Amino acid sequence: MRIGVLTGGGDCPGLNAVIRAVVRKGVEVYGHDFIGFRNGWKGPIEGNTKPLGLDQVEDILTRGGTILGSSRTNPYKVDGGVEAIRKTLAEQQVDALIAIGGEDTLGVAKRLTDDGIGVVGVPKTIDNDLGATDYTFGFDTAVHIATESIDRLRTTAESHHRALVVEVMGRHAGWIALHSGLAGGANVILVPEKPFSVDKVVEWVQRRFEREYAPIIVVAEGAVPENGAEVLLTGEKDAFGHVRLGGIGTWLAEEIAARTGKESRAVVLGHTQRGGTPTAYDRVLATRFGLHAVDAVNDGDFGVMVALKGTDIVRVKLSEATAELKTVPEDRYAEAEVFFG
Amino acid sequence: MRIGVLTGGGDCPGLNAVIRAVVRKGVEVYGHDFIGFRNGWKGPIEGNTKPLGLDQVEDILTRGGTILGSSRTNPYKVDGGVEAIRKTLAEQQVDALIAIGGEDTLGVAKRLTDDGIGVVGVPKTIDNDLGATDYTFGFDTAVHIATESIDRLRTTAESHHRALVVEVMGRHAGWIALHSGLAGGANVILVPEKPFSVDKVVEWVQRRFEREYAPIIVVAEGAVPENGAEVLLTGEKDAFGHVRLGGIGTWLAEEIAARTGKESRAVVLGHTQRGGTPTAYDRVLATRFGLHAVDAVNDGDFGVMVALKGTDIVRVKLSEATAELKTVPEDRYAEAEVFFG
Amino acid sequence: MRIGVLTGGGDCPGLNAVIRAVVRKGVEVYGHDFIGFRNGWKGPIEGNTKPLGLDQVEDILTRGGTILGSSRTNPYKVDGGVEAIRKTLAEQQVDALIAIGGEDTLGVAKRLTDDGIGVVGVPKTIDNDLGATDYTFGFDTAVHIATESIDRLRTTAESHHRALVVEVMGRHAGWIALHSGLAGGANVILVPEKPFSVDKVVEWVQRRFEREYAPIIVVAEGAVPENGAEVLLTGEKDAFGHVRLGGIGTWLAEEIAARTGKESRAVVLGHTQRGGTPTAYDRVLATRFGLHAVDAVNDGDFGVMVALKGTDIVRVKLSEATAELKTVPEDRYAEAEVFFG
Amino acid sequence: MRIGVLTGGGDCPGLNAVIRAVVRKGVEVYGHDFIGFRNGWKGPIEGNTKPLGLDQVEDILTRGGTILGSSRTNPYKVDGGVEAIRKTLAEQQVDALIAIGGEDTLGVAKRLTDDGIGVVGVPKTIDNDLGATDYTFGFDTAVHIATESIDRLRTTAESHHRALVVEVMGRHAGWIALHSGLAGGANVILVPEKPFSVDKVVEWVQRRFEREYAPIIVVAEGAVPENGAEVLLTGEKDAFGHVRLGGIGTWLAEEIAARTGKESRAVVLGHTQRGGTPTAYDRVLATRFGLHAVDAVNDGDFGVMVALKGTDIVRVKLSEATAELKTVPEDRYAEAEVFFG
């Protein structure tokens, strides 16, 4: 068989580990052939390829990002996109595809399978918000980096008796905030799933100051105040057309300063959360995903995605996988609330 | 309620995170009182206590080891041990115990419960060899540290065209070797579960050299050669009464050098694998274990251990938990073999 | 002797290492007595003290921040400030002071010495902009953290074919930008010492894209464009009274995007650069500073500051130390320019 | 000009950073041409080359080891070695050499220059024992890694009330032990420069235990006891022909256990100290060394080595550089003794 591989959506530590595992097992165990498509679905649309053999994957296990490049192109939103893919696959004599990506990439994978092109999906999102898998690779690395930053910020907060607001990734799901907040010992954790009361935040902050410690507030970029205040998202343009860095994070730091009279600072971790070498956990998970994805292709089992259930890698229908966003449930948030204030 | 807490067996990153979570939730949510017992089961036997309130757990989340100290004392092997514990608990007005430890500590916890003393267990082992839980805290940290070392050793191996043998922890189970070997891209991984053929190892090593790369061999301290050669364990005394550092690791490095004519070096990671600040993963897992353990005590649900199943924390009977060693299964080892050579 | 110790100005990794070395040598070698003053010069003004003996410094070597707290209070700008200090010192029977801080703190130390109060200074600034010492502690840690972030950002930039602008600390001197830019392999480094041409930056960025790599631009927060465009500093309030995060960094990312048509993102490292455990380099330097500072006090050699010259710790007059800001010289910047584009 | 580049002796983090800087400046600023020789002096002897242009150095700044490989071959100890080099240089039309290495490599560089072949040296040793330069790159990385390990071992030592002996590199000079011991807060530091009294070590260890802390002893592999006990070096063969891991480290741990009755463990950091990505400090130093080395070649200034003096990179005669081993002086060791016990 000749198998095409591509990576779509935002980059994520562990993508290269998946690619390496796919190629190593595909070539050495099954005797398959591989070709890379560059920049997500753009690659097969434009016929933009990259050789993908044992040599190309030799040194990439530990590297962040993706050697194949990425994009957010959707062939179903490009005129003649699907036909272009069909043509490229025919020209390149590609029998099947492995698509590594998030909700959008996997959604396309599902539709292409329905349209007769054999695709196996590998779930990827640092946000951990994909249903049908316990965890996605990249998430542990993001949490690790955020936690290291919180560890560093604690001493500076305490030396200056300041409140420190740390804005982490998570537009629709608060997993990174929840886990890094728990791991970093945050005094308040705010997630998109649960609009927050500024009064309550201020109360927790005050209580912390009274005990002579400095409060650390971890806030997901998509968290919103209950009062309905309109807060820009990090990366959005403000009224003057300027991109804003620090949406809810800077807003909240100002609120806290205004209401408590204490110094307050915001830090926006931004893109540092998604780059660089993956943690050991993510390397193992990504490697196992890759091994099982090439098994599925070899079995001709298309329209599925590999997923983690407990300690097992299983296959789930792509339709099931992309059905619903996995958000932080009430009981998990309640666990963290024990540590507030 | 007044609850006693102790930590037993080898130390492990995350013990303090458990202690903190137990005390925070116990005091702030349930209004319980706590007392620490020093040095494992020795503490309640000798009546050696340590105050354990909110102040004592304030700064310990990120610290390795255990503020309570540890030991391998078993009250059932000490004359009058159990009676001494009973006496201490009565004097200290302790209603229940939370025991954090591995197989031995939890085995004692089970027997004490059978003997009428209420104990809830929290599983701890960097080796990840406890059944009834998907993972134990400390394991991720050990794998993280071993992987960092392998990453470092790779460049030195390649610059000098040497084989590098890395001996990691794992007397009876090869989990650390398996995961750090996968994460570090090892060319051979050897585990106690599967006696290895030196010929086969040499073949993989040679193949690696032929491709102009340098081989990294990750070996669990408890791995043994098929040929039945007697190899000392790291830490055992040799014929002259000297403690040996590097049992199977140095033995194998010498074999490889002798058979391939290539330079070969051994590195024994030893105690560095079990100390220092826990990873974010282990801090979250340990914190959740602590929260759920104090819930169980509050429910009067003794003789149980908290455990991870998928993404949930559940309770399992201590009898079930300590029944069998969880070793690396065939299919997990087979996954790794794809990368050998 | 009874010696008071205080830390002033922005916090910095290594402050605790200085305090520990001062107390260990002072108590164990010279038999002196110590008392801590809280929150910089505010401490002796308000008589706010903290016990400072062997027990208090036992565990602090590896901790960021300062156990004494800090502030930017200047006794010469507070009514009766100097008299209040004199009174506190008399009450507490303090014979001399060790003041650890930057330009402002050391400037006060100098004036107090002139006014008859014996002070020895220890230089501290993560910006490395103090003359009379080769390096200050905290700088190496800041560079280390910034470099780790650049390493992480590189893979994300290349996967998405984006320009990444990293804003680091440095209002008046570009040392952190220079060193972290060199260490991280930045394609452009911009420093306050040399107003930059946006045209030239765009040219370097384009050249990088043409070679199919992604450009990383490291910019000190105090860097300014040649064209005189007014750019807010990170932390300043904009026209609407909102604190801005990402001054020159976000401004430049927008300019690059507008002029090249390529995606461009800004990351502001902010306070993460100044917190957390110090690097080994900074721990050694801070420890040596502390040892030599207490020697100077013991010698009655006041009005001096300890400083690093080559590999030696020497004493320099405080007047000399605070005379001039140490900025990045032309030839050091020219070294880095080799790697632009 | 056409310039040959080689790396000799033990590998060291930062070698690739030197190579990159040499090539970037040589090609882009001076228009020179480069060729790599593989495996130290073996390369020019055997005519074993590797292309070395901008593409080859693109991604190597952050990588440990050396892309050119290394060896300990000495052309003056190989029959016809120097003539072979002369022939290779003529065939390859090489005008000058840049040799990056330690004492041996630079000694050869000196003799070759005397024999009419133009060589510029770049000093390299993780041991920091080369005179004529304040520091060599690789040293800071080794100290950083050793310090991280000591940080990790402290918590395990304290949880188990054990003495922990950490054996670090340094056969003839104790710099790594001194700096990592200071940075890690060691309770005893032992260096080759000063034979140690076991009685005194035991006294410090006891004192530490009495204060209810656990002692950490950092020992350079070349440290020796005063009593003249013969202790194998790590890596030497014992009486039975087996390579020993842990020479002085394991010996000392056994002595401590025997004399104090306390548990005692040894850890040998070994090769982990010399591999992997360099610290920011070493990347900057190595990069600056490379830039100045190619300047010297361009100036035709042969027989010199680049060196760090304070914050400047200068040129020193190779004869001067290799004259004497730089060992830890008395006063630097005395600084550390303040913290013993």
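Note that the chains are named A, B, C and D in the order they appear, and that numbering of residues resets to 1 at the start of each chain.
We take it that a contact is a pair of C-beta atoms (placed from the backbone, for glycine too) under 8 Å apart; a residue touches a chain by one contact, two chains touch by 3 or more.
Bear in mind that the values here come from a model prediction, so they are computed numbers and not experimental data.
Trainee: Taking a step as a move to a touching chain, how many steps at least join chain A to chain D?
Mentor: Between chain A and chain D, the shortest chain-hopping route counts 2.
Trainee: Taking each chain's centre as the mean of its CA atoms, which one is farthest from the centre of chain B?
Mentor: Ranked by distance of C-alpha centres from chain B, the top chain is C.
Trainee: So, what's the distance in Å between the C-alpha centres of chain C and chain B?
Mentor: About 40 Å, centre to centre.
Trainee: Calculate how many whole Å lie between the centre of chain A and the centre of chain C, each centre taken as the average of the chain's C-alpha atoms.
Mentor: Each chain reduced to its C-alpha mean, chain A and chain C end up 34 Å apart.
Trainee: Between chain A and chain B, what's the gap in Å when you average each chain's C-alpha atoms?
Mentor: 30
Trainee: Could you list which residues of chain D touch at least two other chains?
Mentor: Those would be 151.
Trainee: With touch defined as at the top, which chains are paired up in contact here?
Mentor: By the stated definition, chains touch in these pairs: A-B, A-C, B-D, C-D.
Trainee: Enumerate the contact residues on chain C facing chain D in the complex.
Mentor: Within the complex, chain C touches chain D at residues 21, 24-25, 28-29, 58, 61-62, 134-135, 140, 143-144, 146-147, 151, 179-180, 182-185, 213, 277, 279-281, 283-284, 287-288, 291, 309-311, 335, 338-339.
Trainee: Show me the residue ranges of chain C that touch chain A in the complex, using the header's touch definition.
Mentor: Residue positions touching the partner: 7, 10-11, 13, 15, 63-66, 69-71, 145, 148-149, 151-161, 164, 242-246, 249-250, 253-254, 265-272, 274-276.
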